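Look at the two complexes coming up: chain A is in both, with chain B in one and chain C in the other.
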Partner chain A sequence: MTQFAQNVVLGLLLGGVYALVASGLTLIFGVMKVINIAHGAFLVLASFIGYTLWSALGIDPLLGILVTSPIIFAAGWLTYKVAVEPIRTAPMTSTVLLTFGLALVLEGAMGAIWGNNSTSITPSYAEESFSVAGLFLPKVDVYGLLVAIVVLGALALILTKTWLGRAIRAAAVNSTGAELVGIKVSSVAALVFALGIGAAGAGGAIIGVLYPFVPGSHYLWIARLLAIVVLGGMGSLNGAVLGAVLFGLAETLTAAYISPSWATAVPYLVVFAVLLIRPQGLLGSHLRQDSVTA
Partner chain B sequence: MTATVSSTPSKPSKQAVATLRHISPGWIGRIIAALATAAVLAYPLVSDDTYYQNMIIISLVFAVGASGLNIITGFTGYVSLGQSAFIGLGGYTIGVLATKFDTVSPWLWVPVAGLVAAGVAVGLGLVSLRSRGPAFVIITVAFLFLMQQVAVNWEDVTGGTAGLLLPLPTWGIDVINWPFYYALVAILAVQLLMTWWIRRSKFGMGLIAIREDETKAATIGINLPVHKVAAFVASSVFVGMAGAVYGYYLTFIDPLGMFAILISVQIILTLLVGGKATLWGPVLGAFLIEPLNETVNNSLGTLGGGNARLFLFGGLLMAVVVFLPNGILPSLAAFLFRRSREGKAGLVGARIETGGGLESLRKHVTVTEAPATDTTPLLAVTGLRKHFGGIKAVDGCSFTVPRGSITGLIGPNGSGKSTVFNLIDNTIAADAGTIVFDGEHIEKVPAWGRAHRGIGRTYQITRLFAEMTVLENVVAAQRSFSLTQLGRPAITGKEAAEASEFLAFVGMHSYRDQKARALSYGQQKMVELAQVLMLDPKLIMLDEPAGGINPVLIERMGQMIRELNSYGKTFLIVEHNMPFMLDLCDPIHVLARGATMASGTPDEIRTDPAVIDAYLGDDFTTTRQDVH
Partner chain C sequence: MNTFGRSRLRALAAASVLALGLAGCGTDSAGPDPIKIGASLPLTGQFSQPGQAALRGYQTWEAMTNERGGLLGRPVKLIYKDDASQQNIIVADYNALISRDKVDLLIGSYSSLLNLPASAIAERNRMLFVEPAGGSPKMFKRGFRYLFYSQQATADKTGLAYANWVAGLPANIRPKTAAYPTIDDPFAAPSVEAIREVLEKAGVTTVYSETYAPDTRNFDTITNAMKAANPDLVVHGASFEDGVGMIRSMLRAGFRPHWLYQTTAPSLGQQYADAIGPANTEGVAFAISHTPEANTPGNAEFVAKYQEMFGEPPPEDAADGFAAGQMIAAAVKGVGRIDQTALADWLRNHTVSTVLGDLSWDDDGRPEGEFLIGQWINGEARIILPKQYATAEQPVLGWQPMGAKS
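And then the complex of A and B:
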């Protein structure tokens, strides 16, 4: 029983970090209807930057988020302006291919800079745990969860309490209408893209401490992230959090009770099952489709 | 029939270009294709350079892969990043069987590999019935990685991550590549022949209709599951065979090499660069991308472990999506077309004609002299319901459409009229309620089945297939479905003649060869009506036929409806133009908040206090007198 509780707690902790990264992906989809396949690559890029900050400059990998996230945020903004904006009106599959191409370029760049060997970040507390009521809570997971809660909370506040948040939501629901009432949709979109990717950056810095990584890790991550947002309902922030927690649990429990090699197949199976059985996900809204204009 | 395009033919001289100008571009293309084919066929005979032989062999594999992908992506509109899975399946089929039965020739397993790939493709085709667009792209990636996982984990059969070694070829070392080379040329030839045939058949036309507007395609009688599953089989069977030859050629297969996402990316790049929905585009793309890939890998190998390839493919993919979305061949064709049309006035702005003789229609539509005794309604809906989340768009709507009538459906905006149409023809599925058409319950009948039973409808916002010509749009409608019909030519002479009559009837005959996207809204409405007539439906449902068209055309629309009605066609019309409706329709049903609130003759409706209160307004009677 304790063992089971231990696994559940680990799954929940992991789910918090997943939620942080997935929220960025779902935010970008919700506002722009762009599925950013490069999301996983930006995540791994953040891990590599965190690694360099830690190994070369001795900056604590979790404090390093304060440096890593802005860098990734800027990269996201630039990506939007250079690559995504020119094809905003193209069919959604075009942006899927475009961001897929970007993911490959990033993978190649990371391989050229950091090499294709497995890299890990091991600060002094990497192996330490808090002990609460007989359960072990690894310090990295706990710190990661705290960072995730802070960033997610800030994101939620921005979306619900600020003018920018209203502009973002307006642009998400009806971009032409938002433009008509004075919202500069392309600026909002660039900002959202950068924010979403910045969230992936924050998550990537934490994940770099949790797992070893290689440039090619981004395939597994994008599969995981897509599984999470598809499960929660694409475009729904609450859905992404719920999906992430459920997914973290499912993965931890599969690895513990079935086999670790099957845990890697979980995301693909989830994607298949959800898209076929309930395409709108758990919390996705079921919009009317018949009034869509050409 | 076999041909590929390579860079082998030398550039024509200036004089040659001058004389070539008098030859049509189509013939220049054919000459280039023939020369390239000859060059590829002759190459192994004249040169034993295995480096280039290898390059051509790999290019041929990609040409087959991309040409297969073309059928579902170029024609049907489903982008797949899982195409390399079929190469992998082919490779594993030959690998597993050749190591198990080492006494028979591995060539025997090549056709088997095609069947295995086709079998798996049926599954993917069924998936495409439930998911479209980007969701489908994601599924195909998941599909590829799942295949890879299976190859890794099913060690007893696949050898796991260690892979499988195939028996070495038994023929002479000096012609070692020939069998692989010519086998792939043959497979590509059959693949291209099939593509050529599909493009000219009813099947291909159905696929293009699905690409342009899947929902609409279903409502004009196109059987979606059969078309899509067949398309997926066609897109994979020869790719599986090419994969088998490829696996035998490599003599070693493993999960990472066979189910590689990068191979999928190269296939999709090949297709995009060459040009979607063209016959030769994938071949051209294959012979451009693969040599480029080789060159870059050889010259930039210093970047280490395949990174150069990632830069090349990633960067190219981004560049093609942004700068060359249509690919080389379509862009070239568009350029030549524009040049040939320079200085010639377009037709698009011309007036819609007054229309051909209405009499001629009697030949093409079923004329029923409805027996007066048959009083069962043609259509009866009861308790129809559709909720979108909390919005009750249709909520307990019931009404009947008598045989031979022109029935009107009116009501305030948002009262659910268009949704009722969508429920009747199954553009969207109803939550509850019964629909009885011509004495038969059709709630469970798919959209195309309803079209075959005799329901045709137009849309409030027209939905023509933008990239098809007007004539193709009309002919795309299918009155019935049979497997043999799929193989018939896309447009038979009889159909063209019939469609021309309908186009003349709606006054759009001189536009028949224009692309539908070039037409104005009013013109599209007329073409959509002709398209529906092609179904020869018993019930014609018109969604705002008089909306957004000029008064003369409204008058003409009224005449056409009466004329068709006199042949026994029943109408159900949604429209806000009250004089038009009260003049034309009997009975009229009034919808409010998703339910029928009143039914009756025009005079009853006009004077019904509840209807005046909910919809028409107090001053309606005076407005009407102003009109006359």
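And then the complex of A and C:
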């Protein structure tokens, strides 16, 4: 029973970290209908920036989030203005190709700056755990969960309690209607893209402490993140959290009770199964598709 | 663009054309055409760590060979591509090296995973394929005639010296139970399986044995299961990132088996120590093909040149790459011309002195030597087995991580 409880706790903690890094991806899709394939690359970029802050300046990687996130936020805003905005209204395949290209450019740039050797951020607490009722809770996972709660809480507050949030939701539901009532959708989209990437910035710092990374690590992350947001329902923040927790639990329990060799495959099978029953994902909804053609 | 901008662009284009032309003239007047040697390596992606090292080994060999007059009176020129650690890309790369770049010779990639398809391309084109990594026994069960491996032994034999040593320890300190977590990799799996076979025969009970997918990043569940099984010894079939990830997870879980052996990761020197923390390396054992201190033919010159070119001592994978170059050079000199079939026959029938020691091969290109066993002692990777090559006076009896607190 203790073993089962331990595995569930590990799965929930892993899910918390996944939720943190997936939230930005689903936010961007929800408002802009852009599947940002470069999201994993921004995540790894944040890990590298966190590494530099830690190794060169001695800044704790978790405190470094206060520096990393604004940098990544700015990079996201700039990326949107330079690369994404010109084709925002193009078919989704164009933005998928564009953001995939962006991911490759970022990978190359990271390789040129930091090299392609495996990098690890190892502050003193990276190998420490809390002990609660005979269970071990890795400190970094717990901190990751706390950061996830803060970031997701902030995003939820912004979306539900501010005029900006109302504008974002209006743009997400009906961008033409939002324009008609005076919302500048392009500005909202730039801000949402930057917010989404900024959330990845916070996640990247945690991921960098948890696992070694190379510039090419983004391929592994984008596959997981897409599966999580599809499972939860594309564009749904609550769905991303639910999807992330289920994904983390599925990985952990599969490794523990089926085989570690199936741990990365079974969660995707769960995604397939859910989509067969609910094609819109667990908390996704069918939106009316306004067809305005010239 | 304004007129000034256009003028500058035209001037730049003209200068570029002139420079290219001069460069072309320079090549013609420099002497004989180089012998082109083609490689595709994982310079990015999962295997980028050893892939970069192997490339540096090739580049060191290229530089030293050219300083000594080249091969057959011609300079050697390395042409390499990045396969991004992807099997589909490496197939395209080697096809392009043969058909488009028209290389004279091929040299291998890193890992069994990548060399499996790459060596098949070479075999189909009847071209010699010397690989610096790729010791899976499966590689040499395909009846290939042009494939040769530039390390001392295939994967299933890399850890045998360690297994036999553990099996021969006095009963009061010999581990009684063992766990075998292994990455799903054609090199790591047979290496661990062979160690397990020896230890089980010696009475070491297996309490955990699982294979995990290569893209696994979270090891907490595996660690939790091993901790519950409480083995005395963990034999971990690992590449680099998972090797580091597993140890960090073990430390987080407060799981410290008395003995720890990993197949590959610890041989990557300082990068490994930095990744898990130098204080946590003490006593980790591993298989290794080369050390900078080794008293093998030409090793001192290789280490000095590598240090000069890259500012650090060569890691194992760089030495393996250098040895692959030495094998090609020995065969070309022995045959006296570039005849792929004759080169393969020559290697099959001769012993080659390399920085890894003397290497020889059976009919299938399988090396017939003995691997070294290393151990991290006082912050340095030292050789403990076989005794005649040992650079440490005594092995450390067990894993003694000092940096972890729980």
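Just so it is clear, the second predicted complex is superposed on the first by the 265 of 294 C-alpha atoms of A that agree within 3 Å, B and C clash if a C-alpha of one lies under 4 Å from a C-alpha of the other, contacts with A are read in each partner's own complex, and residues count from 1 in each chain.
Note that in this section a residue touches a chain if its C-beta (ideal position, glycine included) is under 8 Å from a C-beta of that chain, and two chains touch if they have at least 3 such contacts.
Fair warning: this is a prediction, and the values are worked out from it, not measured in the lab.
Undergrad: If you stack the two complexes on chain A, which partner ends up touching A:Gly111: first (chain B), second (chain C), both, or neither?
TA: both
Undergrad: Using the superposition on chain A described above, determine whether A:Thr122 touches chain B (first), chain C (second), both, or neither.
TA: The second partner, chain C, only.
Undergrad: Looking at the overlay, does A:Phe136 come into contact with chain B only (first), chain C only (second), both, or neither?
TA: So A:Phe136 only meets chain C here.
Undergrad: Mind working out whether A:Val214 is in touch with chain B, chain C, both or neither, as first, second, both or neither?
TA: The second partner, chain C, only.
Undergrad: Check the residue A:Gly101 against both partner chains and state whether it touches chain B (first), chain C (second), both, or neither.
TA: Once the two structures are laid over each other on A, A:Gly101 reaches chain B alone.
Undergrad: After superposition on the shared chain, which partner residues are touched by A:Leu10: those of chain B (first), chain C (second), both, or neither?
TA: Once the two structures are laid over each other on A, A:Leu10 reaches chain C alone.
Undergrad: Quick check for you: in the superposed arrangement, does A:Ser261 touch first (chain B), second (chain C), both or neither?
TA: In the superposed model, A:Ser261 contacts both chain B and chain C.
Undergrad: For chain A, what residues appear in both contact lists, the one with chain B and the one with chain C?
TA: Shared contact residues on chain A (touching chain B in one complex, chain C in the other): 107, 111, 115-116, 219, 261, 264-265.
Undergrad: Name, in rising order, each residue of chain A that touches chain C in their complex.
TA: Going through chain A, the ones touching chain C are 3, 6-7, 10, 14, 107, 111, 115-118, 120, 122, 124, 126-129, 131, 136, 138-141, 210-212, 214-216, 219-220, 251-252, 255-256, 259-265.
Undergrad: Which residues of chain B touch chain A in their complex?
TA: For chain B paired with chain A, touching residues are 79, 81, 127, 130-131, 133-135, 137-139, 141-143, 145-146, 149, 153, 261-262, 265, 268, 272, 303-311, 313-318, 321-322, 325, 388-389, 391, 393, 418-419, 422, 427-428, 461-463.
Undergrad: Show me the residue ranges of chain C that touch chain A in the complex, using the header's touch definition.
TA: Residues in contact with chain A: 43-46, 48-49, 51-52, 84-85, 181, 184, 210-213, 215-218, 220-222, 224-225, 228, 240-241, 244-245, 248-249, 251-254, 271, 274-277, 280, 403-406.
Undergrad: Per the contact definition, I'd like the list of chain A residues that touch chain B in the complex.
TA: 35, 83, 86-87, 90-98, 100-109, 111-112, 115-116, 219, 223, 226, 230, 261, 264-265, 267-269, 271-272, 275-276, 279, 285-291, 293-294
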